[in-house]
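Next up is a structure, given as structure tokens.
Every chain is named by a letter (A, B, C and D) in the order it is written, and numbering of its residues begins at 1.
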Amino acid sequence: MKETYIKEFANVEPKNPILIEGLPGLGLVGKIAIRYLIKQMKAQKFAYLYSPHFPYFVLVSKKGNVRLLRGSFYFWKNKDGKNDLLLFTGDSQSQTIEGQYEIADRMLDFSQKHQVKTIVTIGGYRVETDDKPKVFVAATSPDILTKATKGGAIVSDSGSPIVGTAGLILGLARFKKIDALCLLGETRGYLPDPMAARSVLEVLKAMFNFDLDLAGLDEDIVKAEKMVSRLQKIEEKRALQAEETRKEEDRKTTYIS
Amino acid sequence: MKETYIKEFANVEPKNPILIEGLPGLGLVGKIAIRYLIKQMKAQKFAYLYSPHFPYFVLVSKKGNVRLLRGSFYFWKNKDGKNDLLLFTGDSQSQTIEGQYEIADRMLDFSQKHQVKTIVTIGGYRVETDDKPKVFVAATSPDILTKATKGGAIVSDSGSPIVGTAGLILGLARFKKIDALCLLGETRGYLPDPMAARSVLEVLKAMFNFDLDLAGLDEDIVKAEKMVSRLQKIEEKRALQAEETRKEEDRKTTYIS
Amino acid sequence: MKETYIKEFANVEPKNPILIEGLPGLGLVGKIAIRYLIKQMKAQKFAYLYSPHFPYFVLVSKKGNVRLLRGSFYFWKNKDGKNDLLLFTGDSQSQTIEGQYEIADRMLDFSQKHQVKTIVTIGGYRVETDDKPKVFVAATSPDILTKATKGGAIVSDSGSPIVGTAGLILGLARFKKIDALCLLGETRGYLPDPMAARSVLEVLKAMFNFDLDLAGLDEDIVKAEKMVSRLQKIEEKRALQAEETRKEEDRKTTYIS
Amino acid sequence: MKETYIKEFANVEPKNPILIEGLPGLGLVGKIAIRYLIKQMKAQKFAYLYSPHFPYFVLVSKKGNVRLLRGSFYFWKNKDGKNDLLLFTGDSQSQTIEGQYEIADRMLDFSQKHQVKTIVTIGGYRVETDDKPKVFVAATSPDILTKATKGGAIVSDSGSPIVGTAGLILGLARFKKIDALCLLGETRGYLPDPMAARSVLEVLKAMFNFDLDLAGLDEDIVKAEKMVSRLQKIEEKRALQAEETRKEEDRKTTYIS
């Protein structure tokens, strides 16, 4: 394997497909969103993306089997609407700069092959807040941008960077004449963040009229919030002790001098 | 995108053109100088340089649009003089060694294609001083070097390194039989330095008889100087406090022992 | 040398061969196991693997001669059983990500050329224990996995990573339709660990009915255990002194305040 | 420039040439030795080696001219003996692993083209000593090794690594059927070490019966020794002060507790 390549092992014939991408990144927002879509929609896995730019280890899977790190494409037949879905997530981002560009390129070639109309990439946007996560959008055309803002997204600030595959797909999409947009959910970023993923999915649902129940994320969100408040309490306690220690030292200093 | 490439989207027919290059580097001297030239001369953007060796993120531009990191070429029609100008600046230097050589190579191919007579590269030269920044010059031929020294530049010391695209273009230019020179403005280097850029532009103006008003940089220079003196005051205060703390500790030590 | 390649310098005609691989890694488990097999079986060296992704130094060998870092293939003619053996070990793993994939690819091409039926890779699994090292197994097919568990190995946990050549060979083997399994011996990992190697060899012996005397490892195991207990005593002493120092400081603090 | 290449700008017809290589490394032993040979023998520069794996800066040379980092080949016509000399030194080693292998490969291709009979590479061997530096040797054939030991060199210990171009040329030489040896002069390694270079040159002189006066190195050796003893005094003083500080603190501690 000298280059990134995509291997299709099931034949799919998507109708006006939309490709939605979410690789691991800040708060795992994209990966959580895609995995939830796959599960809820019972999408069918049909292709793998392999790359020599992924980390050089393999993972033990079920029953002692082994597999390379990879990305996976899933297909969802939309019986009621006009757009079928291709869903993509994976184990890792590329570990090299050249690999980042190569993977985004291969994903766009694959999109052309399947006559993808629109690509949506999902990521996280780092922010410290307890509010419901907002969703920022950037896009390759005003039409698709407007569709996202009508769905509840806020236009990204000029100058913001979008790092990794989610960003490079948009940057390279114009050369392939494919419309693309990126949805970034607000997240603290250091823990898996299903709340940010839900915000992004709400925008997607509104944009494309998916029949999608988001209640399945609630349990994960409650768990994640407990984890955050536990970490915050630990941090507060640590800060308090540091303060105590400082005062104690002040007292000693005063006593001596 | 496997390699660096340049995409021209407007047709230009430059007459005896000079290419002036300034990518981000020490004090952003090159980038500030080129951007000022573009603005003052109302130069026309006509080509982009893309590279898989730039950092792997994209930037949100105006109105939520997205673009790859890139370099941009601008064209200025010189109605009164004999040399049209091509101006080049961009978002970033290459992130890999091989990319640094590749980008300089592509810029020289592009220069040959447009029959560029002379290439000027601009950078910063790190120095701690409050004086008006001097400008150092190095060049591929004595003629062009002399022209620069007549314009107020000082010949660079033997053994000085010139890092990045500004340097490699000169190093590789001899293989393409193109004259090239590099102008380095003195700068502290850690903040954008419009004063160093003005010094460089003064040399350029004298060398090529540009009709160029540099007063437009004055406002930026005043702002930059305020920033520097604010940082210097913070640093002085910090040094003073450190001194106080040290004396205080000396007193305690003396008291105890 | 632009790419990894394998140079055969002796002609071998292996019958239904099994390839057993063990490059340096955690506790040198794989390398120790392979070297012991080579020595006990008097296997014959017949090929080298070279790569520009190995570290850029050479080693002085016997009598002042010099050699590149490399991997070495050995051949063992199995006079009594049905599977001949190819044994592989070397000086180093690849230093680059792309090289890791390239070396595993070349090893699989080589295996196809010699009609290898099964590949066994050997590595270490980090754990802090004084018990007899367990052996974990992962494999590309249930049959070969079962054979290993009957030989005493335990199925690896789902989600465990297997790093480096030992892992990538398994990950890439499915594309070449070669069965492969990985045996990981438990090891602390920071010292050469012949005990872990013996555990792995016991599984191999049981799996393939090798006539293999493992007593030759006992001396090395005794030495290694002495080294470990010496290091543990040093560490305990260091921890005790740190504790003393802390108490001493507590006393002073109390006295002063 | 996508790859390392060598550009010849003067026509030379060497007779049974020996190539002697010395790039920057520990104590600059190789570079100092080659530069001394060039100067004493008035060798003629005839070729440059360029590589995109050298660091990405250029150097200002005399009179404000600029040049890429490079290696340089020199030719010396041996009027009295049977072997002409090719001498090679340069600004830098490769900055990437692949580049290290590529540069050694190109040097061997070049050697084949000019029918080089023997290659000598020169480097440093790190050791803390005030004695006259010994010279270690490793080689691709016993004959050439013996010649070096007769000239005063000591056979390198088995297992020693030889890092960089000096080592890889030997490792790759066997594939090109060229004899090669490496001479390593003992050096502390952190300062330019003309004494180590002289030891190496003494061996070379004895091996090939060069008419070579080494007295020209004496001045540099005296300077280097002064520098070393100055640094040693500074270090001793620093150690003494640290000791004083420690005792002072012990006294205070005793007084308080």
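Brief remarks on what is shown
By our rule, a residue touches a chain if its C-beta (ideal position, glycine included) is under 8 Å from a C-beta of that chain, and two chains touch if they have at least 3 such contacts.
Note that this is a predicted model, so its numbers are computed, not measured.
Listed by label, the chains touching chain B and chain C alike are A, D. Interface of chain A with chain C: the two copies contact each other largely through different residue positions, with under half of all numbers used appearing on both sides.
Rounded to whole angstrom units, the spacing between the C-alpha centres of chain C and chain D is 37. Multi-chain contact residues, meaning those touching two or more other chains, occur in chain D at positions 256.
Shown are all chain pairs that touch, namely A-B, A-C, B-D, C-D. Across the complex, chain D is touched by residues 1-2, 52-69, 95-96, 251-252, 255-256 of chain C. Put simply, chain B touches chain D in their complex at residues 94, 97-98, 100-102, 105, 137-140, 142, 145, 155-164, 167-168, 170-172, 175, 182, 253, 256-257.
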